[in-house]
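Letters are used for the chains, namely A, B and C, taken in the order the chains are written, and counting of residues starts over at 1 for each.
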Amino acid sequence: MTASTNAITTSKPQKHMSGLTLRYLVLSGLILIAAVGFSIANDNFYSLVNIGILLRSISVLFLLSMGMTFIMLTGGIDLSVGSNVAFSGGVGVITLGATGSPLMGFIAAGLAGMSIGLLNGVFIGKLKLSAFMVTLATFALARGLALVIYDADSINVTDPVFLWLGGTSWGNLPVVIPFVAIVFVVLSLVLYRTSFGRDVYAVGANFNTAFVLGRNPARSVVWVYVLTGLLAGLSAIITVGRVSSGQPWAGLYLEFDAITAVILGGTSLFGGRGRLLGTILGVLLYGIIINGLVLTGTNPYLQSLIKGMILLGVVLLDTYSQKRKST
Amino acid sequence: MPNKLKTIMASMVLITAAGTNAHAADHNLDIVFINDGHVAPYHVAWLGGFEDAIEAYNEAFPDMEITGRWLSAEGSLEKMIQQAEVTINEKPDVMFVNAINVDAFEPLVKKAQDAGITWIAVHSPMDSADYSFTLGDVVNGRNIGMAMCALSGGETYNVGIMLGQAGNPSGDARHAGILEGIATCNNVKVLAEQPADWDTVKAQSIAENWLTQFPDLDAIAGVTDGYMYPSIAIVQNSGKDHIEFFGYDGDIPIMQQMIDGNVKADILLSGTREGWNFVQMAYRIHKGETPEKVYDFFTPLVLTEENHKIALANGFPKDVEVYYVPKAMEVAEKGYLEFGPDSVK
Amino acid sequence: MSDHRIDMRDISKSFFATKALDGVDFSCISREVHALVGLNGAGKSTLMKVLGGVYSADEGTITMDDTIVTITQPSDAERLGIAMIHQEYSLINELTVTANIFLGRELRHAKTPFLNKREMTRQVKAQLDRFELKLDPNLPIRDLNSGEKQIVEIIRALMSDSWLIVMDEPTSALSEEDKGRLFAFINRLKSESVSIIYISHHMPEIFSIADRVTVMRDGKIVLSEKIQDTKEQVVIHEMTGRELKGFVKPHKQVSNQILLSVQNLHKDDVYQDISFEVHRGEIVVLTGLRGCGAPELAKAIFGLEDDYEGTITYRGQTLKKVRNPARAVKSGMGLVTENRDKNGIMAALSVRDNIVLPFIEKSIRHGMINSIYTEKIVIKAIHDTSTKTASADQEIQFLSGGNKQKICFSRWLDDDLELLILLEPTRGIDVHAKADIYRIIEGLAEKGVGILILSYEIDEVTMLADRALTMYHGRQINAYQYPNFDKGQMLADIAGAEQGG
């Protein structure tokens, strides 16, 4: 009894499991190694301009990966986020064109993203279908909707307010970076300080237990997908700002980059384990490697190879650490 | 953990090796070519031609150092933008960008020009770009369509057309051209049209479907020769030897099929030629020449001599530039014949 | 088939400090149905697992037909003709009866890779005919009922030359009609030189088909007799007899305030016409055999099931029939489920997160979780249940079964708790943890919490209950008031024995 009380009081500051802490140290180390490696290969790597480019290029990935973290914590997956970026961007840009009001455009993009998320969430949470199947369907569906509403062609956007978030820089600092930081803080509060956050972990760890304990796990699942849909909508606004146009093929393959980054960040594929910080580190590492490969002019054939190896390495690492835990 | 570390360390070694390679020495002319993909046969020939040409120009002009590299966005707009941003920061002399969507690159063109980079928009023209390297897709498509009319024999002639990715300007232009050409006669009917997204696997399943769905299909046309490989294979396996093909791109194996197969017409782009033409163009600009702002890549129609005669007899316009198969194949393979160092000496 | 006999002599097997088998002698001969009975944890399954090669014994020998044999893996047992029929069927649903029976040793046309389906079907048909079974060998397994599936498993065992068949609670999922068919089949088997070890709790079954009965208690054989030389009461008496040290039920006054009242609760084929009350501060224990319907009853009360008839009144209000445990939690109910891993714990989460989940809404201040409040709860919960954990951050999956169970309890220990429902609260946990859990339960009752327990262990029932209700096949048999517990009668009730009731 004394032992347990002692343990509680001493453990207070170190709030989370050592397995993940180790993972974060490894990730930070890898980021450092990658950064040093690339700066040896190309002295331009450390320029402020390049760091700005790097961060801006992964800003959308930051948002989508944070949403994907919530989803993977519930034991789910969302293959539709990339298509959703195209679809919600289309709705936003068309609304902007029709009303002339950037605010209406923003709202429309957010709502469009959330509606795809709601569709995913209802099928997965309420009707208990497999997340992979459902989002594979909405992956195609949202892309198809995007092509239809855009009529497969891009739409130019000139409204400075609409373009501000994705297109503006303060010096070398793209405004989207502080925006991503704010989203990170808000999502961290949601995940760690609200009952919804606890439910996210509980659903992923054991849906049945959460239900028996009087929670509403099905509803939590729905909201997780809606949240990710909203983040896809925000990503769409950033993407439009970056390219001054709405693009029907925006966000192509981004879901895979997001899943890679989330897994890299230590979130378990099976739900219940993981932190947003890991995802941030995962995105950073992934982004640095992609940026560095371009910067060093690495042969594109080799780039695919390296990306594949990274992913394989991560999956191995995940399985390995799972096995070690279970023995 | 060790697994992971090993993987990353291995990657680092590879990256560093490749990186130092690309930045070995000072240079006078640095060319970067950002392409939308790198796996289709056309892309492979294109990027190969580009690399060979740089080597040949370096040999021919020892007084200057030409460096060049290419990047592939693997079909992703976001990746292409990132690659372009990083490249601009590197300040090369000339950038060829085969934009997945030109609107998305307007902000970057300005940035590149501010940094003193010559921006050459590839295939889809851009007003803001310094130059646009275009293909004359509508004209080429129309030539294919008219060839179809002239070689169809006057009876009802049913054709299926495989299109590009929805919204892709090149694919749309080629498609529009083919339809214009077909419209010049009454007997050619379009039975089916379907986008195959520049993907040979999709083209294969489309061809399979058409063969079962349309027993009276006479010809398959495509906006890229990439579609022809699986289509020809499937038609041959099905025993429907009467089906004819109309390609686009000037891939050598497809033009080969004009001699002993059922391919009737093709457009001589040839990735190899285009790669060589890029380097020639960059060299000319570097030497102070100013090509036309919209530079049309010379892309003749390819027919056999025999078919050309038949076509002319059936009213095919005489002024359309036609290369016969042997010459077309030689030119396609040896980009230096037209665009090598000799062409600018 | 020729006759065989198998003898297990002086078998011992320990798991850590617990002696699961302690010098057990057990034998079985052809043409005999040998019933093996005992309370949960008496060692029956362990003994059969030693015989089947799942466990190896620490000491002792096994002989077959007077030759010593070694059984270290299931394939050894199979080679000796020993087959285990499991409650979880090892049949493949999509394949036919024939295909399942020949799975892994299919007959082929000579010198070809092609299956000789006709010959396989013929052989299966011959076997089925031999036992006068009406079953189409070409039906897929998924179209069979539980009884037929068991028959297929047995036929499969026979066709791979098994002579000794171990059946573990074979009738728990069977209808009366299927039971009859199975027993007829078993009787036919005896005439074919087959021997059957029949594990069961059901006295009527045992006394209708067994030739011999062996009773185990605490890892030892306490009785082994020919069936005609013993009686149900004797068997039941021998099964019981364990006392838990370290816990004495305190004397207390049960309030006369009714907390929960169940009236004429009915669910087809599960439970019928159940009525009882739970007072504030009272511990009511439901007991029976597996399949007696008590867990489903408890789940109906907690709002995990809604397809029942009758009324449940809680705190004076009739509960609506909805599948909504959230309502139960809000109204001060708590539930500790019988299957910790399935719906009791959240394995990947910390002890802390496992504890606070039901309290989470109460801890919200200004939309955010108040971690000072939750931390108090966590410390109190761990302390009150004397759970042993390295820290509250420890993932719960690394705790022992007993400590996991304590966490499942601790998450309800809150001033708002009024009714705690416990399904098999001490299943699979050690004696110390058991005593701790009994103390927690009594402590709660003393504070006025009503407690409804389902227990399959008769000792636990008599040790904890203020009132005990016996059930058999979904029917309520008897009610006993503390301290007037007649263990023998209670066991007879739950085994469906004829006398008493």
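Quick note on the criterion: a residue touches a chain if its C-beta (ideal position, glycine included) is under 8 Å from a C-beta of that chain, and two chains touch if they have at least 3 such contacts.
Everything numeric here is computed off the predicted structure, so don't read it as measured data.
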Set of chains whose contacts include both subunit C and subunit A: none
Farthest-lying chain, centroid of Cα atoms versus that of subunit C: B
Chain nearest the overall Cα centroid: A
Centre-of-Cα separation between subunit C and subunit A, whole angstrom: 45
Intercentroid distance (Cα basis), subunit C paired with subunit B, Å: 71
Where subunit A and subunit B are represented by their mean Cα positions, the distance between them in whole Å: 35
Complex contact set, residues of subunit A against subunit C: 1, 3-5, 7-12, 14-17, 189, 192-195, 197-199, 201-202, 204-206, 208-216, 268, 270-273
Touching residues on subunit C, where the partner in the complex is subunit A: 302, 304, 325-330, 335, 337, 342-350, 353, 356-358, 360-361, 363-364, 367-369, 371, 375, 378-379, 382-383, 386-393, 395, 411
Subunit A-facing residues of subunit B, complex: 1, 3-8, 10-12, 14-16, 18-23, 38, 69-72, 74-79, 81-83, 85-87, 89-90, 100-101, 103-107, 165-167
Subunit B-facing residues of subunit A, complex: 22, 26, 30, 33-34, 37-38, 40-42, 44, 47, 49-50, 53, 56-57, 60, 147, 150-156, 167, 239, 242-245, 247-254, 289-302, 304-306, 309-310, 312-314, 316-317, 320-321
